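Take a look at the structures listed below.
Same chain, two partners: subunit A is paired with subunit B first, then with subunit C.
Up next, the complex of A and B:
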């Protein structure tokens, strides 16, 4: 008796463990997905838009520059606004420092992390700026240690130069010190006496979402693609949702003759499993060529509608099946016609579940690349589409294009950024459906 | 003779609109020269291969209360559901024999089924309120008839809820979901819903099975009130209730109508030994 009980207990525990493991694994995948995509694409939402002064009046003593070279491994005193920090200057050597009127004009950095960087240099032009490194990648591992605190990694700095090269010219900088800039350095007798540390102000920016692509899709935003996908998805859903729901009602409620219905169901289930590229070919043959809609939003939306139709029909039919027979009996028993029963009892009761199916369909329609490849998508069409007969850019296709045809490294982050936007778009469309479903559920209270 | 298979149900249920009229060649009951509102002859019913009703010949007296008793699973609900053709919804149902309401065959091809069902109110064995508000539940029967006048609805809803003895409990939350009520409250809500369309025939399938004694008494009062206005057919497992409220009693056993007569006679001098045993509580 006791033993049996403990065996049962172990079984219970194992079961619980299994369920927990499943949810943890799902969670890990989702978190990995989110983190990865944000890490890779998040940078497109950050823009260096202004410079923030953080400190003035540094005094750097004991740094001796001989023949334009800061001598390595020197102790230094740094006072920031009166507070003195002592440290050691290491890992860096500046050469060819050109000083004019007490201002560093040009400085060459040598021998930083020896093997990686040799002749990179930072050009410092008063007023005008710009860090011009032969190859920004090489600056990755430099740690400028002249001033602690200003020294972060240059990785980020190099990212701006790449993604927002335009921006950097707007900043009045003398020297990019890894996320910080030094300004107004004055040097007397080989000793840096005064300088100002400014920090770039990085802000979240929706520029990426609301701007058109520029410079061969290596800069700018993705607005046309976003709008294109929005149009395609909404139009596809407007076409497929009513047709799908009505078809499901016929199949589930009227369904006559049974043999024909069986054949239709099988056909629908088969269609639901057909690879999307086949839909693309179908759309090209029928909508683009036969109906002569050309490569256009209309053709794409129709193709996507055909793609999601089986999903909506299946989901709606399942939803209709869950409405208990008792409910139908109650309605018919009061003298309702079949149509009245469907409209007043069955549909309202099934609607939340139908919407769940529609939500899945939205994700499908927004995210598919293959069906729009030949029917709607333009590789580069930076304006907004004028009518439903014009082609458009679309997010999934743009991601595909950036990753397969793009060469610049920055295009990877644009592609990931576009994925984030695509996710946000699907989320936005779904949220409205989910809210609607919530309202209906609340009203319904099973 | 009617042969039915499921889903062959015509796609459109309202057809040429043959409306059953009272008074046309109605049968009379063998007892007491009463007319029969519902009359079945040799009614047999199969669910698939399982024959549930065997040659049932039953007459339900007009404007009287008829109780149907019998052990669980003997086919009372099925029988009741035949009268408004609710069994049509169940797959693989086959019915033979005839059912006449006011003398007209309800399986007639061009019968207006909606009219029939609207005039035969039904309270199902399992409470089945709509996932709508309490108010809309009761108003449903009127709304589908096209009555949307707010005042008329308010009035009718209140009357019906009062008659079903649930008004006091729900009057402050008419706009809450009908599904938020307790089982017994749902049962009375369904009674109110059935009353709202002023049915001429009322089919009650154990309408008090989930009610406390006081509510039960109130529903029984309602039945007394309905007497002489409405034909009532009530299924009950409460023998006492059958004895109190009904004028006629039908005893069903294993899908056969074993005995039918005035309640008085059935309860005092039953002819069949099964009836006697059932009433004495020996089985069922």
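Up next, the complex of A and C:
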């Protein structure tokens, strides 16, 4: 008896431990997930600016400077993703600069709006076109500043291997500066005359959110994508919310004839289970092609509206169910018609709960990617959309496109930044719904 | 307290406004049917071309997917196998973690813990899938590659793991609801008869909440089958038969997403992609019907006692 009891006890302990383990494992994974995304993406919100010095003479040999910004030696104002550059190159961010034997062999200038390129020998690639200027003799008095995220390095290496023109796979280092960036380097006759190692001073900046993408999605911010997502979501909700609430009123208040109700319910359940990519196909076949709205905000919003409709109906119906029967009876007893009862008593009472459901639907619509792939999304459509018939950028699609179609490394960090914004957006939307529900439950009179 | 049955008695039915309002809400509800038939008609009418070309059975049992070869081959069995593989892995992770954590929250957690965990789980259910995809691409895939010493981490396994984690909040949230609504008296009866906590949970509470748990699992399954972005980003995009779970696969959803942009308008290829959509639709429709059947059966068996 005693032994059996202890076996039971152990079994119980182990069993309960299993349940505990389940939640701990899920918790660990999801926390890890959030932390990693934020760690990686956080850098886009950090504006790097600067102080402090090292000055010395170094001979430039086989130096690779990655992701530098060419600036004026006197006046500069740096911002991440290289926006403000004065002096030799105006508004350009130089990346992948390779200096070999005192000559800049290759330099990519991103977002080039240079009105003056002088005193430099560089082959400048701006996407497709290449400009060749200057002659090697003029590589003098050129100023470099390097930023790469936050930490940059100047590497003087005697041996290095290049792969793909940019990556260093093996390096034998003589001198490495990290955790800072360099400015005011003046090179004369191949010798660094002046150099300043600047330790970055980091500041939080919202530039990333409120700026347009630049240089073929390698720099700048995500504002158009944010606006695109906003339009799509708001329009989808404007379309789906009234229909959803009215449909819920039908199902919960009238529910007649019974046969129709059954069919409608099955239809709603099916709609709720249809994969989002199938919605995308439907939107493409019907809105884009058949109704000829083209790839546009309208098509995308309509598709998303159909997608969130079952969510809104279900949530609204649940909300209507919580309104007590007594309230209805009282209303009818006072001589109200059924419509009056619904509009003046039931709907106001259920509205907060309906809104909670609607907010969750907003979060869903904002985060969906597959339905807008073929109906609304454009990878690069800078500037704000002019009408509902133009395509738009959208945040979730942007993340996907940057990760899969993008080539440049910087795009990964932009994708991370965008996903932080999207994550915070959706979490904020959903938590406001949860908080709202909490308030309603506390305040409820019945 | 709730209105279980609507008030059927219709007052002042003669009133025109009343009628118009009824017609308005009826039409709003009918939009659900309109949209559903819209989906069915648009998907199936576009895929008729491919079903006539290859035949439905050959389409779903064909072993080669080469839409851009000449002659093109449209067999989606490798894609179906891809979906099945990824979904099975996802369910192997999602069901134990989801149901386990639901049991913890409903039965074992202290009230304050529950108050915290419940909304957190709901929040997690709302995380956009593309962010999970990003995570899988950048962290999980390299980890899988180095851990199992594979040439690429973009495998069925990685996609399955991510999908599994994604379904945890869905399964957990719904299962918890149904576990929590199991009447206290059942637990008390079991405890009074000498059952311990584990025995009560396994023998009494879980069977009582069976229908809700099964529904949540089917919902999670539907999510895993229909999820596009994660598999598009993580599964490796290789439309061939997977030899094992460590090879890249391409599930049905991601095939549509990946190839629709390249396929010329009105071509057989587009029709084949719509055909995949039709198959996906059939799968989800079946699972909805199965859910409703299970629900109604369990209701019949257990009666209204619970």
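As a working rule, the second predicted complex is superposed on the first by the 235 of 446 C-alpha atoms of A that agree within 3 Å, B and C clash if a C-alpha of one lies under 4 Å from a C-alpha of the other, contacts with A are read in each partner's own complex, and residues count from 1 in each chain.
Quick note on the criterion: a residue touches a chain if its C-beta (ideal position, glycine included) is under 8 Å from a C-beta of that chain, and two chains touch if they have at least 3 such contacts.
As the structure is a prediction and not an experimental result, all values here were calculated from the model.
Once the two complexes are laid over each other on the shared chain, residue contacts for A:391 go to neither subunit B nor subunit C.
When the two structures are aligned on the shared chain, A:256 is found in touch with subunit B and with subunit C. Touch counts on subunit A: comparing subunit C and subunit B, the chain ahead is C.
By the touch criterion defined above, A:25 lies against subunit C but remains apart from subunit B after alignment on the C-alpha atoms of chain A. When the two complexes are overlaid on their common chain A, residue A:344 makes contact with subunit B while staying clear of subunit C.
Contacts of A:334 after superposition on the shared chain: subunit B is touched, whereas subunit C is not. By the touch criterion defined above, A:417 reaches neither subunit B nor subunit C.
Applying the stated contact rule after C-alpha superposition, one finds that A:224 touches neither subunit B nor subunit C.
Subunit A residues 254-256, 324-325, 328-329, 332, 337-338, 446 lie at the interface with subunit B in one structure and with subunit C in the other. For subunit A in complex with subunit C, the touching residues are 8-9, 11-12, 15-16, 18-23, 25-26, 29-30, 33, 36-37, 40, 242-247, 249-256, 260, 263-264, 266-271, 273-282, 284-286, 290, 306, 309-310, 313, 321-325, 328-329, 332, 337-339, 342, 360, 363-364, 366-370, 373-374, 396-397, 399-400, 403-404, 412, 415-416, 419, 422-423, 426-427, 429-431, 434, 446. Taken in their complex, subunit B has these residues touching subunit A: 7-8, 11-14, 84, 86, 89-90, 114-119, 121-122, 124, 126, 128-132, 140-141, 143-145, 177, 179-180, 190, 193-194, 197. The touching residues of subunit A, when paired with subunit B in their complex, are 254-256, 258, 324-338, 340, 344-345, 348-349, 443-446. Subunit C makes touch with subunit A in their complex at residues 1-3, 6-12, 15, 17-18, 21-22, 24-33, 35-36, 38-39, 42-43, 45-46, 96-101, 103-105, 107-108, 117, 119, 122-124, 126-135, 137-139, 165, 168, 172, 196-199, 201-202, 219, 222, 225-229, 232-233, 253, 256-257, 260-261, 273-274, 277, 280-281, 284-285, 287-288, 291-292.
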